[in-house]
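The data blocks that follow each hold one structure.
In the two complexes that follow, chain A is the common piece, with chain B as its partner first and chain C second.
Coming up: the complex of A and B.
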């Protein structure tokens, strides 16, 4: 197999397949990219058996063939080749040696026989034409909306492998809209995408692993979603971004019944300037206890006071900022890290304000860009204060 | 006298069994064993049963062999707890320096309680009288100037008695003391010591500190310090717990995984109750599994945050039971333990969503 290719395009394509190359695999063959070349079209496949990625690019002067190429090594050399415009790739079908040749250098590495690669049944399945819009179970989503859904939810995913359902983001497909929900049981985020233009399954709940969400966060084109079923049960989600296809296993677990924990009757509403609040938190947090990360928030009709104190080191800080309160004054404690992360994921309304809704100091607090926001809801569990 | 501390060791007599006999007159004067009805071990034996050689922690079948008409009774832990609380309340009338070692045993330091008016012996007598009148149980008391001697003394006239080891009699007392009477010396250590010709306190003194250290390591130093009263540990008002747990032995071995989960849930609920009451949370949770063949296996997990509630613990335990695989052999005991504790009451607690 031989070809010549533009270095930038080659590097970009290899880079796209990298998220599915495990840093250290129990199956060495998975540390390789599968190259398949026909008619000047190079197909590159990677998989870690959870995520499979397939991308394509045009090459020149090719002779067809198949080979497995060490993924990280190839990526490293391509990244380091700064100046050259073109690169030639030659592989030996007998001993699987690979030569990369540029204007000023030659690099040799050892590949593997293509036959050693694992079977990818879900990839074969995906050869069904997904551009056929008459198929109900697929939808084209604008890039920005996909990035928004992923970005708002991925940070609150749990890292506790003992609760696998919570290590991913729940996607609830409901015909005209999608709810994306994540929680680590300290906080919960629900982000919604709504459009008349899409036609999605009506009642489909799947959990997408957080690593897959990280890929979606970096989408650089509109995203075409579809689903792969096995015995009528969705096992994989598939999305096509430009000329790259991603197939991700979904987490086959039951997501916690999150709706029941979202308070419906919070009667304290607080409006505060996002930037002022965030910079106050940043300063006060320096004086908080490292372990509890607790800050105390005292909310009064026209001002809120943030206090942090670390008895061990004798440090203390408090700061007042103005706010407007609807309802009873209240005092509530938060882990400042959770508070700050939630606030920074809220895009403010036009006047730069965000809304808190609360009930009691030991009950969940909700943060929203505005009251009754349909687009985004963040829930934070407080820290119990000792008085 | 003032330069010596005044320490009393209060030890309830056959506590569980006495509570049962107190609450059920038909059991009085009879050999009874608490717990172990179907299988397992005797949790406590009445003095009538002890005459036959029945001891706590003895397997039931063995106890029954020694004492064929032994009556097994189910334990009533709430009654024990209540009685214990009443006793502690009595002790608190004298001092806050109370170190409760277990449900039926405590040290109190009354050095500062009316030092020139009453003697420690008088206080001990009064405490024993109050326990008898108010809780309707008997306790033994040991009075001396170190915890070690107080503990040894409370055993001297047990049950329902007391003993004083006065500072100027202490050395003589210790010289005659059999090594196995020293707290911490069990069968294994006793054998080792006897083998080296050490039977009594005076043998330890003869050996000297250096030889004790050379021959018995840490234990040797500990013993030497005890018999020379140099190991003078204070009465610590609240013993710091390192871990807290609950476990259960089952009447019949369990093979069904769902049944194991049900039992664990019940154990965890009890544990959560205790944690709530004591305001304790822990970061490390351990699942203990004892198989039918008495092989014990533990599985632990340390979490990022402190946990204490039933759902938090159950989630972790569920995973520990499930991963890497469910127990493949029948199980006779399951236990849950929480360690890495946060005992600091004032530390704030991050609240969790209740899924």
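Coming up: the complex of A and C.
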């Protein structure tokens, strides 16, 4: 198998397949990329048996063939090659040696016989066969919206293996919109994508593992989702970004009933400048107890006061910033890390402000870019203050 | 294990074949041994012999006295997806035999020279099949005993890349004998004979489990085994767990079987390990040989090519049952630490006793002084209590030395450059002008958390964090009632619980434990409350603080930077009792450079 290819494009393609190369695998073949070349079209596959990635690119002067190439080594050498224009890849079908040749150097490494690779389940071909044409079984989403959904939710995913459902992001497809929801039981994020033109699957709920969300965060083109079923149950999500196809296991668990914990009748609304609030939190947090990370927020008609106190070390900080309040004054305690993380994931409205909606000090606080936001909602459980 | 009666092999229909997890069955000699011994076991053999040469790379020879194969079965056996063990979808959902994919012989014959000699119990004559990759198999009639012999020669001779991946003979052989030990443990009622070339490794006659465990794992384990027998919700567990002394630095003494199949499962491993948490130092692994029996329908073993992993229908239930089993067994033999206040007192002369009116009093054992405690003082007293202890330490030579060292450090420390070093993720070494201070990180953090909890409890300042999704925890009635009668205490710590018939619902937790395994902590609290039922509230509150402090999960990737180490050091020495963990273990000592010097002068 031989070909010549533009180095840049080759680097990009190999780089796309890396997320599914396990750092150290019990199956050494999985540390390899599977190369398959036909008619100047090179196909590269990687898998860690959770996520499988297949990408394609055009090459020149090729003779067809198949070979397994050590993934990380190839990536390292390509990265180090820098600015060469073209690179030629020659592999020997007898001893599986691979030569990489550029204008100024030649690099040799050992590949493996393609037959050594694990049998891939036929996930790339099989597609759900839905006879009822009114059922939508796929979704094409703009790149920016996918990145937004992933970026807003991935940070609030739980790392507790004992609650597997919460270690991923729930995607609810609902015909005209998608809710992406994540929670670790201390906070919750719901990010929504609305579409007038595009038809989305109806009533489909799946939990996408956070590793897969990390891939979606880096989408560089529109994303075409579809679903792989087994015995009528979705087992994998498949998505195509540009010329790359990703297939990921989904988390087969029940997501907690999140709708019921989002307060519907909060009657205190607070508008505050995001940047001011964030930098106030940063300063005040330095004085908080580092075990509990607690800060207090006292909200009055025109100002809010942030207080942190660590009795052990005798430190204390107070900071006031202006705000506008609709409703009764209230005092509420937060873990400053949760508060700060939530705020930094909110894009402000045009005047740089964000909105809190509250009811009383022990009830969940909602944060959003603006009142009645349809796009994004963050919920934080407060820390109980026992005065 | 049941067989479909005639042992007649069928080729699986495609739709089932495709559901069978794709992957490679044969990866190394050990996988061949495993597959072939499984086949022998599936065939009903009571005696199985395994002979390997050159760590199985040149020869793997297996002999069994099982049911054997007829001529036609023998021919089919090496075809892919040929199996006598499942026929239908329903069979795949409740697999009782060890093999079921019909892949092993097909895979092995494609990468080695194989000879099978077999006689079915209904046949007069036996048959021999000689197979070479990519050539039609040769079949002939032979005289042989009932049962099957399989010889696998020159494994991977036609797949050089595979052969290249094989490790040294030593480690390939180790893998094989590890597998043989697992089989021997899983099937004590079968005889296993194992040879490395001409050397007999073991010949284990049918026996009971205990004899088998001792025969395979060494007579050293003999007096250190604790038998375990447990049943709950249709899941039964039996086997042995080891006394803490049997723990090792690695997990090599941990054997878990599910329906006679060896499995790896980190949840269940965690369930067992968590019971030993207070009995063992960090990074010590308890011994166990445990057999789980669950309804075949509630598990899926078809998720891993080597069948190492299983998926449970309800893995949390299984987790809890395994934990209950181990926990209650340890408790029965009184191994679960009763870190009563006494544990702490063993380092100080104070002891809590009851006076004539059955009121708690504190007695100084060295002076005989009796200190009465009034009920109103109950909370504050514990602060003083710790102070008394600290004063008392100063009277012993050992701690006096440390304290005087520390005092001099504290006096000078503003203008000194400290250096902090974390060793083995366990010990913090602090370099001082005249000496080194060594801190046991985990214990130090336990002390810091403990005093933090006590302080905020006394100041009435514990912080409680509501859960968005309350967690339900199944408990025994007596555990529930022990928690219930301490509702107020628990609330003061930040726990808000709701009590149901057979479970509790956790709705709020102390902020200090977020991101921890909340259920585990509550369960521990309830168990410990049970063991001190008749104590006064001061004991109880210290008790709870201790359980929380020692249960906080200290992630090993945390607390690594020099800043964080420094913080642990300074927080520890701000504690009222920096030298001991809440359970009374030493947290720190110092060694002067002159002492170090002395060591080298010997």
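Here, the second predicted complex is superposed on the first by the 374 of 387 C-alpha atoms of A that agree within 3 Å, B and C clash if a C-alpha of one lies under 4 Å from a C-alpha of the other, contacts with A are read in each partner's own complex, and residues count from 1 in each chain.
Throughout what follows, contacts are C-beta pairs under 8 Å (C-beta built on N, C-alpha and C of every residue); 3 or more make two chains touch, one makes a residue touch a chain.
None of these values were measured; they are calculated from a predicted model.
Asks: In the superposition on chain A, see if there is space for chain B and chain C together, and answer fit or clash.
Replies: Superposition check on chain A flags a clash between chain B and chain C.
Asks: Is A:107 touching the first partner chain B, the second partner chain C, both, or neither of them?
Replies: Touch partners of A:107: none, neither chain B nor chain C.
Asks: According to the stated criteria, A:155 is in contact with first (chain B), second (chain C), both, or neither; which is it?
Replies: neither
Asks: Who does A:287 touch here: chain B (first), chain C (second), both, or neither?
Replies: Neither partner.
Asks: Give one of first, second, both or neither to describe whether A:119 is in contact with chain B, with chain C, with both, or with none.
Replies: second
Asks: Looking at A:335 after the superposition, I want to know if it touches chain B, chain C, both of them or none. Which is it: first, second, both, neither?
Replies: So A:335 meets both chain B and chain C here.
Asks: Which chain, chain B or chain C, ends up touching more residues of chain A in the combined arrangement?
Replies: C
Asks: Now for A:27: first (chain B), second (chain C), both, or neither, which partner does it touch?
Replies: second
Asks: Applying the touch criterion given at the start, work out whether A:269 contacts chain B, chain C, both or neither, answering first, second, both or neither.
Replies: Neither partner.
Asks: First (chain B), second (chain C), both or neither: which does A:177 touch?
Replies: neither
Asks: Out of 271-279, 397-405 or 415-423, where does chain C collide with chain B after the chain A superposition?
Replies: So the stretch of chain C colliding with chain B after superposition is 271-279.
Asks: In the superposed arrangement, what residues of chain A touch both chain B and chain C?
Replies: 160, 162, 183, 185-186, 188, 256-258, 261, 292, 294, 333, 335, 362, 364, 379, 381-386
Asks: Would you mind writing out the residues of chain A in touch with chain B in their complex?
Replies: My answer: residues 160, 162-163, 183, 185-186, 188, 256-258, 261, 292, 294, 333, 335, 362, 364, 379, 381-386.
Asks: For the complex, give me every residue of chain C touching chain A.
Replies: Those in contact with chain A are residues 18-19, 22-24, 27, 159, 161-162, 165, 267, 305, 316, 319, 449, 452, 455, 459-469, 471, 494, 508, 511-512, 514-515, 517, 519, 567, 574.
Asks: Would you tell me which residues of chain B are touching chain A in their complex?
Replies: Counting only chain B, the residues touching chain A are 301, 303-304, 315-316, 319, 323, 346-355.
Asks: Using the touch definition up top, name the residues of chain A that touch chain C in the complex.
Replies: By the definition above, chain A touches chain C via 27-28, 49, 96, 112-113, 116, 118-122, 159-162, 183-188, 230, 256-258, 261, 290-294, 311-312, 333, 335, 362, 364, 379, 381-386.
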